[in-house]
Amino acid sequence: MIKTVVMERKPLSLSERTYLPQIASGLKTTFSNLFKKKVTLQYPEQRPSIPRGYRGVPTLVKDPNGREKCVSCQLCEFVCPPKAIRITPGHIPEDDEERSHVEKAPEEFEIDMLRCIYCGYCEEVCPEEAIFLQENYSLSGYSREELVNDKEKLYEMGGTLPDKHFKWDKKKTDEEQGNAH
Amino acid sequence: MSANVKVDMVTIILNGEEVEVPDGINLIEAAQIHGREVPHYCYHPKLTVAGNCRMCLVEMGMPMRDRGTGEPVLDSDGNQKIGWIPKPVIGCGTNVSPGMRVNTDSPLAKDSREGIMEFLLVNHPLDCPICDQAGECRLQEFAMDYGRGYSRFVERKNVKPKRTRLGPKVTLDDERCILCSRCIRFCQEVAKDDVLGFVDRGSYSTLTCFPGKELSNNYSLNTVDICPVGALTSSDFRFKMRVWFLKESPSICSESSAGANTLVESREGQIYRITPRRNDSVNDTWMTDSGRELFKKVKSESRLTAHRTNGCVDTLDAAVSFSVELLSNEKIAIVGSCNSSVEEQYLLRKLADQTKAKIHLPGHFGEDDGLLLSADRTPNLRGALATGMVKKYPSDNLKPLALQLVKGAVKTLLVVNEDLFALGITKEHLKKAKIIYVGTHVNETSKMADVVLAGLTVFEKSGTFINRNFRLQKFFQAVPGPAGLVPDFLVLNRIASELSGKVAESLGLESLWKEIGKLRTSCLKGIAYREIPSDGLDLDPGKLADLSYVEGPALNFSPIKAKTTDKMKPKAAKD
Amino acid sequence: MDAELMQMLALKVTYALVMVSVVMSIAGYTVLAERKVCAWMQGRVGPNRTVLPFISAIPFIGPFLRNLGLFQPLADGLKFLFKEEIVPGHVNKFYYYLSPIVALVPALTTMTVLPFGEFTNAEGFTTPLVLANVDLGILFIFAISSLGVYGIVLGGWSSNSKYPFLGGIRSSAQMISYELAMGLSVLPVFLWVNAPGMTGSGLSLASIVNSQEGTAWLVLVQPFSAFLFLVALFAETNRLPFDMPESETDLVGGFHTEYGSFKFGIFFVAEYAHVVIGSAIFTTLFLGGWHFLPWVADPWAPGWIGSLLGVGWFLAKTFCLIFFFIWVRWTLPRFRYDQVMKLGWAKLLPLALVNLIFYMILVTYLDQASAS
Amino acid sequence: MNLSLVDFLFYVFATISVGGGLAVILSRNPVTAAMFMILSLVGVASLFVLLEAFFLAVLQVLVYAGAVMVLFLFIIMLMDVGPESGKGTALSKKRLLSGFVAVLGVGFLTVLTLEYSGVAADSGANWQDVSEETRVEGANVVFSKSVKSFGYGLFTKYMLPLQVAGFLLLAAMVGVIVLSKKKKGESNDEDTEDSSLESSVPQPEEA
């Protein structure tokens, strides 16, 4: 059992009770700070370095073949706490050589950045690794409509990310060789 | 399943617990009664047992008897010895018998399930993100509950045809099929349209339509409902919405007097699909394809979304007071509808009594398909009879009204949701008559009407229907109606109140039913709204049974007259 | 009215206008100084974005001025001017409008009796540069500046909202408490200056300044009085560590929480005008006014140049004091309300009394000694 | 009438003082009344300025307008004194009596003023003469606008009245302290308003 020791505060001396020496030393500190190097980041011209794993604006990415990865499973829409995501699912037509085996793709994909709270759940839940919160953090617009990112804008911001899975590529190879019945 | 049939109970020992179950049922049902889930794919309570998925494997044993003497074999403690069957048995194909020992979660049963799950998943594609079944997929659920959680399969998965068109409404993805054969059995046994089958063997086995045929009967979408995986999907609902977003509201199919129980599935005020709701006294677990399409009329172009007086959009207050003005005149006739709910028909009858109007009721009839599409194509013809709105069985036209119009005996017409011009009335007849139209969609009558009171569809309001079995069934609002519209029964109530010079009280279905329950000569006497069970209430038709109904024998239904003459044949359509 | 009177009036009005504009612009730039100094002390750079179209195009000088934020007060003023006037519905309209005026007017009025230099003409006749050379200068300043509290109290009360009200109440209590100590702390100064054998006459500020010419500044003679006066001055100008009426951290914005746009701007400027005037008074009383250095005669010759240099020197001292105000604000935390009250009544007031009595005795003793 | 600037200003300030005084009585809102009182006091101070009694004027503003009235306002606001209701206009005995006293008082003052200002007697002296330096009888003290001589006057010829006034004030202060001091064992919750007031009013005795 540890015994609690009550530390008595040392009584203040007369000079301490007037506070004046303390005030003087405080003044000295602030004065010396006048001439120290400033730490301000001149924001629009200088940009901060973004740490890894930063959660910026959510974007849609394409796979290395430049194909749409999102299959509109709507899990992000489901998991989104502020209901910022709105997806209209759509078919991929059968005559689309590249992607017909994927079957489904979003017809429209909207993220309302006025609602988004940058929680990153959408990125976490995405089974196709199609949605990423990237480094862009400054977002502004003149109207509410402008801040609703549609599919086109989301892909424009997202770009292409390296992909280790090539899921649909494998699927296609399987189809072409091997186990087709 | 009828209550009056005495069911013998037998005692079995389920997971070491002594329980009583009805005699003759299989182990899946028996376990379900006592809260134990036995996972299964091919078994369906309304179909014959196939026993080909092997998912429902359980451990089973019987008390041992000596083969020769039939004496019980006792162990050293003096208890009867249990003869455990060395291999697991399928729950669906094994019926209970007295003293039976069943273990649904013994290590053997668990191990069997895990093995079956692994086999089923060997070739099943990981399509869940794009698969419409995701969220209501048995394979997903059981893989979570009973699967081993990882795959030892390293080879390439089978590739089979995807996006195959089975029929006008059904799309097949063969890769996802687990060959449970539910759809095949449904087509053979219920729809009586034997078009589906398996071809090839082993891993090449594939579900397909027989050559030259397609799955095009009016019950094809039930195969989608019973498919435990995403192999069969509705072409219409395909990729429209994920099922976990959908809100389910119990409703009644308004297609015909069969009154199939349904679930209306909607998201944010928009209906995406209608699925059947199990009711063993009405529709089992089925419904028609045509009935699933009815929701499309809710948002159609021809929908009436605002009240009108003299062709101009107006408020409800104005429209009602104008209607009251018109109805205060002499020579009024009312055209009721078999599509209206019981409550609306009752209020219409009240209105007729107040205005001394005669009610004409046209019927809508078609072919009877012997299942769930009856010859009477309205949901509530018997409601009109039960509320006493009409006494006679309706005919398919309005000739008496036409005659009266010609005679000039009718000056004002209140039409509820019927198109007069489709029922033998001509513009010539209506020259001098004022028309008040209460309805949901634009038709020739609503275009001519002086007052249009826009109403709500069956999906936007609550109420009750009486089906061909004289079964009183409730339906509930699934989606909000267009802005500014109120349920028809409230509109009719306002008109009725204002006609008698009172201010309309706010009215709920509960309080309206207190009034309806007071009808003296009706079979609705004494019924309270809240006491109607969710799966319906059988009414005693009384004298109404003697009318000549048009429906023929069908699923869970035999015409009452036929029943009296033909007592020998039990339940004609059921097997 | 005769022409001479008219001429005199016109001249006085012109002087007053010049004075007002000078003080106001100093107040405006004090705001800038506050923001800059605070930023520097906190390792930031402060306002450095405002540009004027042509001046900023000048190489080197333009960017330099921009970095100093020299045009910021202009932008701030314009912002206050063009912001939407929002008058909350629950306020007492009349007093709500009145209080900013009441706050600003005393701050500007006190400077009428404030001498900031002197002019010696060819005949050697010296006139102090002051709008009204009143004999009772210091009392006048106390009297008028004590009226300034009404602006704050009324502003807090008329806002009809709890935080401004608390700010107003605190402010009035604080002003009353410290006015006493302030008055008592300057009494020894006048006692000293008016003592037999000294050069001062009455309560005139110009004579106080002139009594410090070529000899010790009063801050050296009466450091304790100067200290008490300075502390009371901080409290009277509502500067940290005594900014009870505002106390952003516990009262949102204090008395001006419900004020916006230009009315807030007036409050703001009034506060800084108080600081400027307060610094000037301190300079006058204790720092030798426009005179060069203690024990050093003014190195400039009398005449226009001399008086201009004197005024400049006066301003320089004032600016140093303003800087001190800012410096203290960004160094010290705020006192709690009860601490402020305790300090005022239980510490400052007795100390001032003791100080006064000490100088009374001292002056009498010196008088007796010189007489005998 | 030929108005000089000083005359004109006199009438302006007189109007302000008297009007302010009337408004103090007539306004229903206590804060407004207090503000008018300040206005009235400032008006009086201006009259003092016209008399070239700067010291008095400044003291008037400093003490009354600057300090006393702030306390007034402080109390009014803190106690949350609402506007007077307009009810009770009926003539009660109390009202009649107070009206009578008021009329009597005003009449008395008017008579006194007319009598002693010399306006009624049409003497050559008018009120401006007061500002002239006049020797106080029997003493070498100059009663003037100069602070120095003012001080001399106070501490020589008027020493006794000064001391008496000071003693009276002291007595009043002691009385206040005695009255406001709580008896021992008196519970705090008897009247919460007072105690809350006490805690927020500066209490020099506490330290």
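In this document, chain identifiers A, B, C and D correspond to the written order of the chains, with residue numbering beginning at 1 in each.
Criterion: contacts are C-beta pairs under 8 Å (C-beta built on N, C-alpha and C of every residue); 3 or more make two chains touch, one makes a residue touch a chain.
As the structure is a prediction and not an experimental result, all values here were calculated from the model.
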Chain whose Cα mean lies nearest the overall Cα mean: A
Averaged-CA centre spacing for the pair chain D and chain A, given as whole angstrom: 70
Euclidean distance of C-alpha centroids - chain C vs chain D, Å: 29
Centroid spacing, where centroids are CA-atom means, of chain B and chain D in whole angstrom: 93
Distance between the centres, which are taken as Cα means, of chain C and chain A, whole angstrom: 52
Set of chain D residues in contact with two or more other chains: none
Graph class of chain-chain contacts, one of line, ring, star, complete, other: line
Touching pairs among all chains present in the structure: A-B, A-C, C-D
Chain B-touching residues of chain A, taken from the complex the two chains share: 71-75, 77-78, 89-91, 94, 101-104, 127-128, 174-175, 178-181
Complex contact set, residues of chain D against chain C: 5, 31, 35, 38, 54-55, 58-59, 61-62, 65-67, 70-71, 73-74, 77-78, 145-148, 200-204, 206-207
Chain A contact footprint on chain B (complex, rising order): 128-130, 134, 156-160, 162-163, 200, 203-204, 206, 238-242, 244-245
Residues of chain C defined as touching chain D within the complex: 1, 5, 95, 134-136, 139-140, 142-144, 146-147, 149-150, 153-154, 157, 165, 168-169, 172-173, 175-177, 179, 194, 202-203, 341-342, 344-347, 349
Touch list for chain C against partner chain A, complex: 37, 39-45, 327-328, 330-332
